[in-house]
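Below, subunit A partners subunit B and then partners subunit C, in two separate complexes.
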Partner chain A sequence: MRHVRVFWTGFVLHFKNLSASPFMMMTAAIWPLVYATLAFLMFRATGQAPSLLYAALGAAVMGIWSTTATSAGGAIQQQRWYGILELLVGAPSPLILVLAPITVAIAAIGVYSIATTLLWGRLLFGVPVHIAHPLLFAVSIPAAVISIGMLGLVLASALVLYRAASAFSQALEYPIWLITGMLIPLSLLPVWVHPLAWALAPTWGMRAVRHAALGGDVGAPLLVCAGLTIAYGIIAVTLLQHFERLARDRATLSLT
Partner chain B sequence: MAVIEAIDLRRTYRTTTGVIRRKPLEVEAVRGISFAVEQGELFGLLGPNGAGKTTTIKMLITLLLPTSGEARVLGRDVVAHAREVRGRIGYVFGGDRGLYERLSALDNLRYFAELYGVSGKAQRVRIAEVLELVGLTGRERERVEGYSRGMRQRLHIARGILHDPEVVFLDEPTIGVDPVGARDLRRAISDLITSGKTVLLTTHYMFEADALCDRIAVIAKGEIVGEGTPEALKAGVADGRVTEIEVFGVGDPVVERLRALDGVTAVAVEERDQRQLLVVQTTGERELTAPLLAELDGIEVGRVSSREPTLEDAYVALVGTE
Partner chain C sequence: MRTWLRIFFVGGAISFRALFAWIRPAVYVPTLLLGPTAQVLFFAYLGRTAHLQSDSWFVIGNAVQSASSAALFGMGFAIDGERWTQTLSAVLATPANRAALFLGRGLPVLLNASVTSATGFVGGALLLGFRPPLSSIPGLALLVLLASFACTGLGMLTGAVGLRMRDVPIIANLSMAVLLIFCGVNVPLDKLPHWMHLAADGLPLTHAIAAARRVADGASLGSVTTSVLVELGLGFAYLLLGFALLRWFELEGRRHGTLERA
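Up next, the complex of A and B:
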């Protein structure tokens, strides 16, 4: 129970902190609109999209991933710049419970993009917002957010020891939303990409969100998404243990 | 049993120089430090910038691994039992970073209370107590970005003692704080001792160390060069008098002649605009004002005064001889 409280308190604090950042809010609100516009125009021209809502949801989740890719990779680094990393590592709570709320909060900021994208689609393109399974939709969104946040944590933990971490993380922005089916259906991609896509929780999170909105099996993609999210958590714990040991050895917890 | 023990503690930093052709470089920041702090004691680590104070404190609070040697806090090894040690200590670093600026003091304190396992019910009471202790009651709902440096420092102290730790480490807590703010902080530090905590404080403000510390270890270039009560340090280094002579245009040869005088233990020169202040420490066995002035023959001399040695004189003598 204490661990849940630590995670939740951290999540609320970081969500509030990020919401007070004009840069984060601009990123969360504006980029998805650009993606959505491109997707609407593209699908309208080809007439191949299952529906415009399909494109709108894809653009919204792309917004969540974009926010995460640009910020989560450098999330630990940013705590170092704030002078807070030492305080977080020096606390007796497990490091995963201290750092995971940061990347999940970053992904959650992207939830703003769902609202703006759906509103944008409705007002400009007349996209009807009809959700087939509202309850499952409400479950799928946090599942997708948490899975993307945990993927961000894996990136942050893996890259924190390298100075170019943030740049590398940002370079992953386009490949990930391409191969997880956020923009175009996975079936249109080469077969060799599929195993890679299946190993990424956002693929399943995206599928659950779309099935919940448009109709289809939600349970299976949600379960796979949850399983992969747990696997990311285990990978992150291992990486963070390694990071903490190395950082204490190399004296890299602070900037000075 | 000592609450804090450092036994032959060493720390070497490995870094590189150059951009294209990088050369490895090793810097010995701490070179075999040993000391012990007893329950309820306020122990000071005093030394110039780069002496190894912060490195020592970071090893003790488990944020840095020692290169060799041992350190124990509350009887637990800081390397083998890091998490256990972390839950029972508090620490505060100087400077105004280390806070979530866009959030309120209350948000910051609630978060760290949770990280340190302060239960929900106890949080409200404890946060009110620490805010009162550091004089921030009534300002806790304001964003930290609007706080003065002194207020931030006080908030740091509140954060550091939120979970009621048995041992508190304070690394230059009054650095950059205005005199009134620094006085308030010193009062808060004194209150920690009154409430039964053990405190390790690093500072390079002599009067602060003199006023607060039960015992002091002076560090220079990674080694302890003197240890004892402030009184013992003063007496041990300059058991006599200090003569201050204001001069205009004294050169190194003259200073060397003063140093060579029988009964003179140390001479420091402080530059003050057009003037210089010679601070001459003597053994006190003889009155040396006349011989000192004789050596300054031909040099314009201003005010001359004599006083009891201060901790700063002891510090200068200890650090200056290294």
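Up next, the complex of A and C:
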């Protein structure tokens, strides 16, 4: 119960903090509109493309990954810059419970992107927002958000010792968009990419959101997404323990 | 004149090296060299999804457009970075010629933007089989340089605004978003609403991208002279407007004591 409280308190604190950042709000709310607009214009130009709601949902989930890629990889570096990383590592709470709320909060502010993108599509492009399974849609969104947040946590944990973590994480923005089927169907990508996409929880989170909105099986992608999210948690804990010990051994924890 | 040139070249180069914390390879490579290739790939595949244009069309549009990120952020940080390192007042207190001081910062940014754009072309060639005629490559290189120049001009303008406003990355991001949507990078201009098409004519990149596509299709550089001249004119116009704004905001900042207030 104490762990849940630590996680929740951290999550609320960081969510509020990030919501007050103009840069994060721009990443969460403006860039998805740019990609949605491009997708709408491109899809509408030919009439052979998927529906505009398909594009709107894809651009919205892209926004969740954008905020994560922009900030989650450098989450530890950020604490280092604030000068509190040593305090956090030394605190009695497990480091994972300090870090996970940050990355999940970063992904969660991407929820703004869902609201703005659907509204933008409705008002400017007349995209009809008919959700096939509203209840499953309401479950799929947090599942996708948490899965993306946990992927961010894996990145943050893996990049503890890498001082340019933020830049590396940002460089993954387009590749993850590309291979997780957010706007581009997996069937168009080379076959060797498919196993990579299947190992990424956002692929299944996106699929669950899309099926919940447009119709299709939601249960299976939701279950795979949840399973991968748990797996990411385990990987992150393992990586963090390992790198934390290394950083303590080398006394490099606070070095920027 | 010698001092002017020294401030322009040496000052510009030192400023570029000193102010760009991200110039380290660990940051530079993923951000500015891999980014354009990833962008090219993403939009080429999105184009396939929409059945819109060929891969080459997207390679050219996105590779040329990727110069804008290096130019807009580069110029923004070249000016705003002084404030962050608390050297802005010291720099502006010098008697150095302002044209040499600020325009000199644009030269390394321009070259860096061209390199960034070139990596997008290389990525497109390696991963998407983009093969323009060999004879078109000098023309494409010139157009990339031209697009980088025009974007650096716009960067000077947005950097100048950063002297008054706090969030240069936000201004640079918004400018990049406008260029990405309006300039025919991923959506053919004739498929855009008329007002967007009109606005695109006054933006950097539009003419360079259109010319680059024609040159890559085998047209001679001479046949796209009008586009070249318009892009060049736009670059100078943005550069001069940016420089004028810089001077104005500098004077205003001195008058109100707000130079470091950010």
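Please note the rule applied: the second predicted complex is superposed on the first by the 251 of 256 C-alpha atoms of A that agree within 3 Å, B and C clash if a C-alpha of one lies under 4 Å from a C-alpha of the other, contacts with A are read in each partner's own complex, and residues count from 1 in each chain.
By our rule, a contact is a pair of C-beta atoms (placed from the backbone, for glycine too) under 8 Å apart; a residue touches a chain by one contact, two chains touch by 3 or more.
No experiment lies behind these values; they were computed from the predicted model shown.
K.L.:
With the two structures overlaid on subunit A, would subunit B and subunit C clash, or do they fit side by side?
P.N.:
Aligned on subunit A, subunit C fits beside subunit B.
K.L.:
Just checking: does A:31 make contact with subunit B only, subunit C only, both, or neither of them? Give me first, second, both or neither.
P.N.:
So A:31 only meets subunit C here.
K.L.:
Quick one: is A:83 in contact with subunit B, with subunit C, with both, or with neither? Answer first, second, both or neither.
P.N.:
A:83: touches subunit B, not subunit C.
K.L.:
Which partner chains sit in contact with A:6 here, subunit B, subunit C, both or neither? Use first/second/both/neither.
P.N.:
In the superposed model, A:6 contacts subunit B only, not subunit C.
K.L.:
Give the angle at the C-alpha centre of subunit A formed by the C-alpha centres of subunit B and subunit C in the superposed arrangement, rounded to the nearest 10 degrees.
P.N.:
An angle of 90 degrees, rounded.
K.L.:
So, does A:237 touch the first partner subunit B, the second partner subunit C, both, or neither?
P.N.:
After superposition on chain A, A:237 lies in contact with neither partner.
K.L.:
Looking at A:193 after the superposition, I want to know if it touches subunit B, subunit C, both of them or none. Which is it: first, second, both, neither?
P.N.:
neither
K.L.:
Can you report the least C-alpha distance between subunit B and subunit C in the superposed arrangement, rounded to whole Å?
P.N.:
The answer is 11 Å, the least C-alpha separation in the overlay.
K.L.:
Residue by residue on subunit A, keep only those touching subunit B in one complex and subunit C in the other, then list them.
P.N.:
In subunit A, nothing is touched by subunit B and also by subunit C.
K.L.:
Hey, which residues of subunit A end up touching subunit B in the complex?
P.N.:
Per the stated touch rule, the residues are 2, 5-6, 9-10, 13, 16-17, 20-21, 82-84, 86-93, 98, 245, 248-251, 253-254.
K.L.:
Show which residues of subunit B lie in contact with subunit A when the two form their complex.
P.N.:
Listed in rising order, the residues are 13-14, 58, 61-65, 83-84, 86-87, 91, 93, 95, 97-103, 107, 110-112, 114-117, 120, 159.
K.L.:
Under the stated contact criterion, what part of subunit C meets subunit A in this complex?
P.N.:
The touching residues are 22, 24, 26-27, 30-31, 34-35, 38-39, 41-42, 45-52, 167, 169-170, 173-174, 177, 180-181, 186-188, 191-192.
K.L.:
Touching residues of subunit A toward subunit C in the complex: what are they?
P.N.:
Of all residues in subunit A, those touching subunit C are 22-23, 26-27, 30-31, 34, 37-39, 41-43, 45-46, 48-50, 162-164, 167-168, 170-171, 173-175, 177-178, 183-185, 188-189.
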